[in-house]
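Consider the two complexes below, in which chain A is the common component and chain B and chain C are the respective partners.
What follows is the complex of A and B.
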């Protein structure tokens, strides 16, 4: 029988929740919810929208016909190997080639110390998996790469941000943070850092700071995880010397072919001290059994037969032109009160909007004006970043970048006027994922 | 077997609800394909007109939410292309999509809808926001509900409990549109009533009751499975359920809608329904309300969509209902 209640209602036992497993998910799935911000990025994938949001490399610049021939040749000549399972550590020849690539940044290492991974993202996942128990502390630059923060969250790490300035991570702040955490009895497992052309901030860790960072971490017994996807994409001079080059025992180095060749191959790697490497191989096997032999051999073939250094150089020229287009249009068009970083390489500019503005609240209007960016909050594990946004220049052509910046400047001016009218900042609660998927242009 | 040859499902678009629309479109396409219907799914871009001209579909299912999909624009284009489609014509859409206008229409036929005021952002700029907002609070009282005059999925919408929270809610609302609808907040049970008309006049499907876990039916609660509990049919007495059904059918008729609509309403503590808004292209995703209502009525979603398309296909596109 049903029973009459208020609202003229009759009671029923249970409604439908659409998802029958709603009360069975692990705690780490809590944040995986639909998000307004993420929905807005769906619009950004349309060609009308100038997307300064995504971090997609401009693979169109590759000699695609050559890559095509190379792949066809690989299957024809080495098909039975390329299409077979491979080892957990990765193809030995490719690992030798990886060592040659790392030598450009001063790293001397042998192929035995390298573990090939499914993009460097998987290396990050494996490192986190073998080091982090729920509640352990990971130090990360503030802001930091969203994909890393997502991985840390999935393993229930507690991320503590260390501030940066135009020269990258601030050593004194790192020291202070470590001291504070030690006093609190918190267990810091590693420092995650992107020293070159950082994602999203665009800044580079100054040479003199590199040794300081290593010394501080050595003293504290904290491992350094050096993520370096953009290191060879500097616009001025030679590549910076890697942290790993000066501390083989204290650093796990993560590298990738995603930006120097193409992310579609999903080939990255970790270079780690022996004991860590052994665990990484086992973790790798339990995660995906073995990675794509096909991709590894294709990358190996490309490195062996193509002028890859020249290709990287041409990528550098292309991205430099786009960086210049972005910086000059920001200079010309942004209203007073906006500030931004001036990257010397990589893909990203980090912009701060005037006091009182909230970059996430600006996004809907920006999308309506056909320009997209990533709000800053997605790059922090805490509530920072509301006044910041990441602008990427890697994918759109220079004239589109200028048009995008022009639209964005107009949107920011409108928002300033609106805030002035209402004399307020907005403080709306928000849950969910604030950053686009990896395939967003 | 269906006489439908080739059917077009429109999904995507450039509105804020693009992602939801793509999901709705996928769902409708799937259920139609399961019935053996030849379905093509398209976004609304520059290839639409040439492709429809080259290979005109028998009928179009519009699952575009917000913007051009609901404001009559795409439907006007379909009329120009002489292609029949499911749902209301452009004129009716224009009225229904603009929430304040729709409220005025339903109020004129005697339906209860929360007191409200509609203002563009220029008014606040020109007259000074604080004076106008203070007057709004004095006049309508608290709490209030602020939302963009046009749009859906609760984007830019928020409940305001105190006068201090109102400016921030206005800013949040104006992020999604240039005109705000500020309504007196009616506390009660959130209910959605879908209406379908398969040729025998508009009929209400069972009301669906919405109980969000966090108390607010926001974007996350709408589109994350498991974050909201739905009761279909709603836990209402037969009299109240009948009043809700009548309200939805009356709104559908008064607004000149056709084939399909969904009315969102609140049932207050006294059991009285209050009209909030109507949707001319209701969501069809896995977490959407119309498919739940259809299921509660024992109707197969695919068969329902097919019947609507068949009905549209027999209609001359020269005589829009709008």
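What follows is the complex of A and C.
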């Protein structure tokens, strides 16, 4: 990061940082602003800081030598294909393999309905590009994935949050929200939902609610966008049945190899009803021509030659141990008045601090005490989240997680004491969406 | 392709192809339609057809074993980085290497001003996303790169073409166009230009015109987007000096490793003035979070360990031989009344057929005679190009090029005879932009 900063300084010394183009950007560009907590996270990436902020999977657990060899083999044997342009829809064989992966969640689909994308983030971008005119409404859980909110904002969508409880999205709240919006004459284009081990809330949509959510959306003519990067990383029993498994025409399903293999390949996908699939391919070609054949075939080769189900199982064990470390230390160390969710899979715990405290105001002090988290406000498009924070357990080792929670508990206790002494803290409203750095996804 | 078609049929048999979402797409999606010549190109990919259509580089010329080994080494040694999320701006070391590559064209820039993108196509997409509101004008050479026209259409830009001659974009025509548009009160956001070995015209902007183009755009307050994928693939002498080299504040430069190394990595970049660079990074993160670290580090490793300048030299020799094969056989075989450009680098010749002939009407007959090309209409946003076609010499061997030109000359002769016998052919107007398949880029 030092290097980066130095370059920045050099450039500033040479040229002007005044924006000559300020009156020439598109309207959508005015919503593109860097998160105010970014600078802090640059500090938080120092090794002495325990980062409970990032959503980075623990790729060190992969058999790196084996992956290296299979990639070498791929280039030597199939180089003229692997290094060439590919089709906009993605490699046909990989799309078949993707269908096999989705079968684990009850999805029956053919490779013709799959579009391979640059991570599922690009699938989100393309689906928004296809459906959203400025001012259209997107429904999303509150809180929701910060990268999705950033994309919706970039297309000038209006995000309306639907509340969750420990069983995920609340169907009656969804119904009420739709009724209210219909009465207001607002156009709802889709519901964006992360049903399993939600980012950031860590909760899972209960089985009986899945049918209800589908029925409500069908009745209202609202498409469901099901984002499911963590579905195979559950700690108890079999994977949940995907929403898409019960409504092939009403759901666009987004999947990813970023958490079950590695994010460095940037291979995700969308499974969509036929007509939408056609538009997605055209949007894909207009956006990037085609995804990296090299990356796609590397993932395909891995799936074809390696025991990938076993690898996912070992990731599950790894993350379960870290989840346990986090929950037990939260239980042991957090002061009274703090509450948190108990994820049954995935990467994240969502914590609420006592009234009067502001998680964004706490962050600089936490970083000074060598622990980092993501403040809750970034996960909402409105002013919610000031008392919340996302704690991730995916990347640090269990003892580091315990140490991080210990440091954080100390900071929160100090804040509570200050508040008891000097009165209510500086809880601030939050406006706009912070665009996340990729390490915070 | 057979496999693809079969899946398509299966899906059609199972589900409905009726578009339930037809009234729910965004306004921009109505412009997303597949090219009508796509089906033909599926046929044209058969081995017995000589394709002068595709823009695929000849990656078989690369030392594939060596590339395979360096990638294996990369994953084994630096796997935890190569397989992880990266920064939205791109790998810092690769950005330094990119600056070294650009120095060959007279560009002095620091890595802080570079954003690594998913091919230069994504750079085009992001720059359009940042600058274009529906109805804004983009100036582009006529003809211009079909993939750029598709992207501009996806953002509902209004493309106005500026004519070229054998020395590239005509400065006086640029000036006139700007004056006319100013009089009409139209907002011109940028000039999109491919100065070297233009796609599809094969012409190069003369050195003395470069200053003039920059001055005209500076005066009019119009940003220049310089797209330069072929700049290092010139057949005579040193690379031309980039427009960006003489105007760091007024030019966004787009580069790519797709033609100098391999497109399968999808590594391109944008070099932009500081304020625009900031927006590009935010747009990049919102679109895909970050590009594949695996791809980026593979390219970086190649540049660091292989004689890449020598490799570019050998690509130049290879393409020069193919250009020569095409020009000499066009000279020997084409009937009178045909005219074509004489590229000094790059991949493409632009041919004009005699009056009364229509290149799109000729294509099915050409494919029946086992030769393919891209009709000219796709390279314009208006109704121009009916008498033109793009012939590429990058991919087939020289003897195949000669055979392809022989077949094409036969088809054109037949068409001319038909026309002489039955009168004027069916020259049609063309509306809208065809979105290209990636293989036609």
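In this section, the second predicted complex is superposed on the first by the 406 of 441 C-alpha atoms of A that agree within 3 Å, B and C clash if a C-alpha of one lies under 4 Å from a C-alpha of the other, contacts with A are read in each partner's own complex, and residues count from 1 in each chain.
Everything that follows uses one rule, which is that a contact is a pair of C-beta atoms (placed from the backbone, for glycine too) under 8 Å apart; a residue touches a chain by one contact, two chains touch by 3 or more.
None of these values were measured; they are calculated from a predicted model.
By the document's definition of touching, of the two partners only chain C reaches A:121; chain B does not.
Of the two partner chains, neither chain B nor chain C is touched by A:204. Look at A:33: by the touch rule set out above, it reaches both chain B and chain C. Residue by residue along chain A, chain B and chain C are tallied for touches, and C comes out ahead. In the superposed model, A:19 makes contact with both chain B and chain C.
Residue contacts after overlaying the shared chain place A:423 against chain B, while chain C stays out of touching range. In the superposition on chain A, A:367 makes contact with chain B only, not with chain C. When the two structures are aligned on the shared chain, A:294 is found in touch with chain C, with no touch to chain B. Contacts of A:71 after superposition on the shared chain: chain C is touched, whereas chain B is not.
Judged by the touch definition given at the top, the superposed model places A:85 against chain C, while chain B stays out of reach. On chain A, the surface patch touched by chain B in one complex and by chain C in the other comprises residues 4, 7-8, 10-12, 14-19, 21-22, 33-34. Every residue of chain C that touches chain A in the complex is listed here, in rising order: 3-4, 7-8, 10-12, 14-22, 24-29, 32-34, 56-57, 59-60, 62, 64-65, 67-69, 71-76, 79-88, 92, 110-113, 118-119, 121-122, 125, 129-133, 136, 147, 150-151, 153-155, 189, 221, 223, 248-249, 258, 262-266, 273-276, 278-279, 282-283, 285-295, 298, 435-439, 441.
Of all the residues in chain B, the ones that touch chain A in their complex are 12, 14-20, 22, 43, 45, 121, 124-125, 129-130, 153, 155-156, 158, 167-168, 170-172, 174-176, 188-189, 209, 211, 219-220, 222-232, 235-237, 239-240, 267-271, 286-287, 292. The touching residues of chain A, when paired with chain B in their complex, are 4-12, 14-19, 21-22, 33-36, 38-40, 42-43, 46-48, 361-365, 367-368, 417-419, 421-428, 431-432.
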